[in-house]
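Structures given as structure tokens follow.
Look for chain A in each of the two complexes below; its partner is chain B in the first and chain C in the second.
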Partner chain A sequence: MSDIALSRAPRRRGKAATAAGLQRSTTATVILYLCVAIFAVWILLPVWYLVVSSLITPSQLGVKPFPMVPSSITFDNYLSVLTGATGSTGFGSTDMGSRLLPAIGQSFFVSSVLVVLNLVIAGIAAYGLSRYPFSGSRLFELSIIVSRVVPAIAIIGPFFVAFRVVGILNTPWALIISYNVFTLPLAIMILKNYFDQMPREIEEAAKIDGASRLQTLWIIIVPIARPGLVAAGVLIFLESWSEFFYSLVLTNQLTVPPLLAGFQSVQQFNWNSLAAATVMSMIPPVVLVVIFQRHVVGALTAGAVK
Partner chain B sequence: MAASPISSGALTRGDRLFGLKLTAPAGIILAALLLVPTVLTVLYSLHDVPANGRSLGPFVGLENYTIVLGSQVFWRSAWVTFVFSLGFVVFSTLIGLAIALLLNQRFIGRGLARALLIIPWATPWLVIGILWKWFADGSVGGLNAVLLMLGATTEYYDFLADPNSALVITIVAAVWRQASFAGILLLAGLQTLPDDLNEAASLDGAGVFQRFRNITLPWLKPALVTVTVLNVIYAFLQFDVIFAMTQGGPGDATQVLSILIYRQLFGVTQIGLGSALAVILGFVALAGGLLTVKLLYRAERQPA
Partner chain C sequence: MKSKNAAAGGLDRRAFLKAGGATALAAILAPGLAGRAEAAFSGSLDMLAWDFQPDTIKKLVGEWTAKGNPAVNVAVIPNLGFSPALQTRLRGGDAIDLFYNFAYNSQKFVDQGWAAKLNGLPGVDDMVADMYESARPAYVNAAGDIISAPYFSAVHMMHYNDRMLKEAGIAAAPQTLKEIHDASKILKDKKIVENPYVAYWVKEFCEEYLHTYLLNEGITAFDAAGKPVFADDPKTEGVFEWWQTMYQDGLAPKSVLNDDPGKLSNQMAQGDAAFFVLHHYFLSSIRSLNGPESANVMQGPIGGSNHTFQIGEVLQLGQIADEERRNAAWDLMKFYGWKDSAGKFTVFNQWAKAAGLAAPYPGFFTDPDVIAAFPDYFDLPMISKTFETGSKVVPARTLPWYPDFQAKVGDVVHALLLGQATPKKTVEDLTAAANSAQKGRSL
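Up next, the complex of A and B:
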């Protein structure tokens, strides 16, 4: 199930294939490639514009119409954003650029801690739900599904108050705690589905050999379940990397998304730097998913059912 | 899914207790993080909470709800949410379906095309908003450049400053992301469709559209229901894209309910009213999701 998508399915060639219309007429081929071209433009045009904007100077940006193929490129925007020399003297007088690298670091920290914590907590819960259903386990699963429609904005108030009392507002811990609201249910759904599809024979055998339930979980299940754990881990990382609202309210531009939002309002006249920062914020999640796409898409299908 | 061999029946009481123990940590965390704040928000919505939020303030019953439901701002915002959601759900689902059908064909460069599909989905919602805000910008935007090149316009136009086009552009931006998500899920569904079905139908003389209607569409029904329900929920709860692009403006043209609640809670700090709005939004999202499941599954049960 984990590699059904985005993989090359072997197909029979020959009579049946021809009969099924896999042999296309010229017209059909032309239409097909035309559609592919439209698809590519739909996805790439805004991204291309962003990337080009990050590689040209402000004066080139002002050219009308916008130079979709720039005459010259520069990496100054990236350099200035990374070294904190964006020349911003906007209100707050903090150079937004100097905060990008720390924000990327915080985003990585928050996301990584959550991945580890959630895989452990959600992993054992999902295993329990899958193999040892108890009375009330069905209700628990249903409430996890329902939790998806609780608006973040509806529960942010109590978090804000509680974190102020404990004194962890504006720290990564505020985010590591609050992000569980959406990452933990996601991880449980994905892993439960994964365990449900895993054969039980090996566990039965281990049981007959005298392994305890906990031993079975640790020695047998964890190693075989690795692809599922990787997939769930990538999705948790993605969700916490992308999260904006909790980070906006509970911290002062600690992670990348709220920093970019703040950047946007201060740097009204330096779209090139913002474009460079935006490109950099897109790279980690996109690269991560492209690397693990086979694992991730299967798990996404399972997690989406929630 | 069929009942599993080890589970159901064969479980001893110790087994069930073990399952409960394994699930307890996650259960306790989620109860603390979801149930408690939700109950608190419902409580807030029934009180006249002081702006500092330190206490609940006097109990006012349903007064906050009466005020909200009697205000024009709310209904205007609800209407904007409805229009945004309708456009978002319809176009995300349809474009996603079209993309999935296209990428399920065999063509040169298909692997690359499927990798492209990942970009919008993996991009944070807020970044999508920033990206499209600038793409649609009135002075430097690429959208204007394209329209100019195509000869559709003669000069740059500030889409986000015009109340009518602002809502359309926020929908387009959100659809750009969500159509990819829908496309990925539906493509995964399509890839499980056995070739034999299509081949047999083709031998029986079924045309492309007949095969789509009678084989592909029924096969995709469960995936389509999932995708549509998720789209409905994402639509009602959408915040990031609109916040990045317009912050609800110009005026209140793109002020969906989540933006209104944000302003209510953090702009004018009316916690009681904001909480009442939040409870209403939660119910709308829940009802929308359930209604979608019901409608789509009822449609399935009817003979084609």
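Up next, the complex of A and C:
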């Protein structure tokens, strides 16, 4: 990582300073903060709408203008999602209570296993690509990127047949194996980029001290690369958490996304309950991102400034 | 060696023939009794449904199993993405004995070998004979192949706010497109409601409204062979003029191209709209929302010789080689899509309770249990009459090329509504889309 990237700009009171040390006018600062605030509202508004929708009744949902700050709130939507006791016949999935929490558990299991698996495989692959380039390795890297753009519908068929033969349809393993199609390239791209920024001198020193390649990787590189690994892990977790189509075809609503999609049936729509279920299912990934967001941003911007 | 019977009382020729005849008769009649325990198939059946009250589905098939029938493994996936998931599974060799499907996919599934024709199965002719004549073409194709059974049925209806109409001095619910336009304009001009008319005009649903509006003017879009005869009808252009005017003049809100039925129901419940055209059962949503105007919303009749659109989704039987398994699956299909062994609409009654869904059988509407299941704000005789004489299915919708046409309708109609195409061009574009789909030129 370059020294410039790690250096901090001096803090100033009253007037903000740029990284280059140039002073910014108060007006510019106000405009900047205003833009940031508008952008934050733009980003957070749908989430706020979702949370409010989960805390109001269906009739309040239709009030114009939409009550961004509701005059009264109810937890009935959460109760109905968890118990199915809606007090109304107008509810598409009456057994959602018995399905949502297990689905969150399955999503967590699939995502967690995938993170571990991907970090090991992608870590080794990315390190190899970074440190031991071979003839055609650039082409190989490009082919990894290309594999990310292949639509799921084009490759789901062979997966289905293979998993049917092996007998793992409707199990987490079907998802763990198939999700590698899109998570592994992501992890390799991030980690390769991260390893490229790491100084080779440390490894050379370890080699002089008699460490083998694998020892160097495990004892020296992995601890230094922890932020990159965490970032890649978080992104893999989020990708697999929100995956819909593989889960739809290979399982019967085993994970969260197809279960939430089930709220929108041919016969009925129940946005309040969907909002409550969505808020509940967002908790694990949001907690994860809040804990590790510093690493994610750091790893994604690694190499941006040289 | 003598048999016990012979020893007990003697098995003479007469008694043998009598017993043999009774056995043969039982063998012929028993399968015809829907849901009757066969016990010939000892395994379990596989059923795939979409996510509408899966616990109820499991309960219903559980009751069927409890009557001595095979166990049923019910798998549930969301309605969103159901078709690609189902087709991928079947193409991948998944054996599904009974599955929900969209009517527009039903013939394609038979042609692909994923679903079985039902002709010749015990009781199937009785099932078809039990249906409204208007409904039969949705399940029986022009060649006489019985390709599916009903999962649920509905008719497009006009939901209107009675209080607003009275306030505007409108004597009765509008029935023709012109009456709808005029009534909407009065309501808007008198500032009773800003955008009086709402409908689910998202791209994916425009095809249903295409038929609803054409039928409303007495135009059946396709003939029995699937030819787009709407193109030759001089009234067709007028339908598209009406459609465009409703949107361009603000009689329908600008957001209606993207709104969902939940929001539209809520607009009716809140008094933000006076007319809502969609399936009859959406009255349940409007009423159960308990908005300030919910109780004022009624369903309007289909008038004159015009028709509304009858829709419904279907059950299909998998291609099952094993005869005992097929018979068992057919028994389950009859129970689920027709009647139970006692001749009652057990499953349909449950869907009526859950969401006001209907079945395309006249007997359904006269069944005391069904009448009790429907909330009293439904006018069942009117809905029944709409099924019987006021609505049509469009048989072309089950043909294999139809989904390709259907996929294009939304784009064409939205261009019309947004003023990017004239009614005349819309007729041309839709005709071209139908012809292109029939020639196998897909998207």
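Here, the second predicted complex is superposed on the first by the 225 of 306 C-alpha atoms of A that agree within 3 Å, B and C clash if a C-alpha of one lies under 4 Å from a C-alpha of the other, contacts with A are read in each partner's own complex, and residues count from 1 in each chain.
In this text, a residue touches a chain if its C-beta (ideal position, glycine included) is under 8 Å from a C-beta of that chain, and two chains touch if they have at least 3 such contacts.
Predicted model only: the values in this text are computed from it and were never measured.
**Student:** Considering only the touch criterion stated at the top, classify A:Leu61 as touching first (chain B), second (chain C), both, or neither.
**Tutor:** Both partners, chain B and chain C.
**Student:** Counting only touches as set out at the top, which of chain B and chain C does A:Ile73 meet: first, second, both, neither?
**Tutor:** The answer is neither, since A:Ile73 touches no partner chain.
**Student:** Classify the contacts of A:Val149 with the two partner chains as first (chain B alone), second (chain C alone), both, or neither.
**Tutor:** First partner only.
**Student:** Is A:Val47 contacted by the first partner chain B, the second partner chain C, both or neither?
**Tutor:** Touch partner of A:Val47: chain B, not chain C.
**Student:** Please tell me which partner, chain B or chain C, touches more residues of chain A.
**Tutor:** Looking at chain A, the partner in contact with more of its residues is B.
**Student:** On the A-aligned overlay, A:Phe140 touches which partner chain: chain B = first, chain C = second, or both, or neither?
**Tutor:** Touch partner of A:Phe140: chain B, not chain C.
**Student:** Which partner does A:Gln253 reach: the first (chain B), the second (chain C), both, or neither?
**Tutor:** The answer is second: A:Gln253 touches chain C but not chain B.
**Student:** Between chain B (first) and chain C (second), which, if any, makes contact with A:Asn270: first, second, both or neither?
**Tutor:** second
**Student:** Which holds for A:Leu101: it touches chain B only (first), chain C only (second), both, or neither?
**Tutor:** neither
**Student:** In the overlay, answer first, second, both or neither for which of chain B and chain C A:Gly157 touches.
**Tutor:** So A:Gly157 meets both chain B and chain C here.
**Student:** Using the superposition on chain A as set up above, list the residues of chain A that contact both chain B and chain C.
**Tutor:** 61-62, 64, 153, 156-157, 160-161, 244-245, 249, 258, 261, 264, 271
**Student:** Taking the touch rule as given, give the residues of chain B at its contact with chain A in the complex, in rising order.
**Tutor:** Result: residues 1, 4-8, 11, 15-23, 25-27, 29-30, 33-34, 36-38, 40-41, 44, 53-54, 99, 102-103, 105-107, 109, 111, 113-127, 130-135, 137, 139-142, 144-146, 148-149, 156, 176, 180, 184-185, 187-189, 191-192, 195, 198-199, 202-203, 208, 223, 226-227, 230, 233, 236-237, 239-240, 243-244, 258, 261-262, 265-266, 271, 274-275, 278-279, 281-282, 285-286, 289 of chain B touch chain A.
**Student:** Which of the residues in chain A end up touching chain C in this complex?
**Tutor:** Contact set of chain A toward chain C: 58-59, 61-64, 84, 88-95, 98, 153, 156-157, 160-161, 164, 170, 244-245, 248-249, 252-253, 258-259, 261-271.
**Student:** Under the definition above, what is the set of chain C residues touching chain A in their complex?
**Tutor:** These residues of chain C touch chain A: 50-56, 75-81, 84-85, 88-89, 91-94, 152, 260-263, 265-267, 269-270, 272, 281, 284-285, 288-291, 313, 351, 353-355, 357.
**Student:** Using the touch definition from the top, list the residues of chain A that touch chain B in their complex.
**Tutor:** 4-9, 11-12, 16-17, 19-22, 32-33, 35-36, 39-40, 42-50, 53, 61-62, 64-66, 68, 121-122, 124-125, 127-137, 140, 143-144, 146-161, 177-178, 180-181, 184-185, 188, 196, 200, 203-204, 213, 238, 241-245, 249, 256-258, 260-261, 264, 271, 274-275, 278, 281-282, 285-286, 288-290, 293, 297-298, 300-301, 304-305
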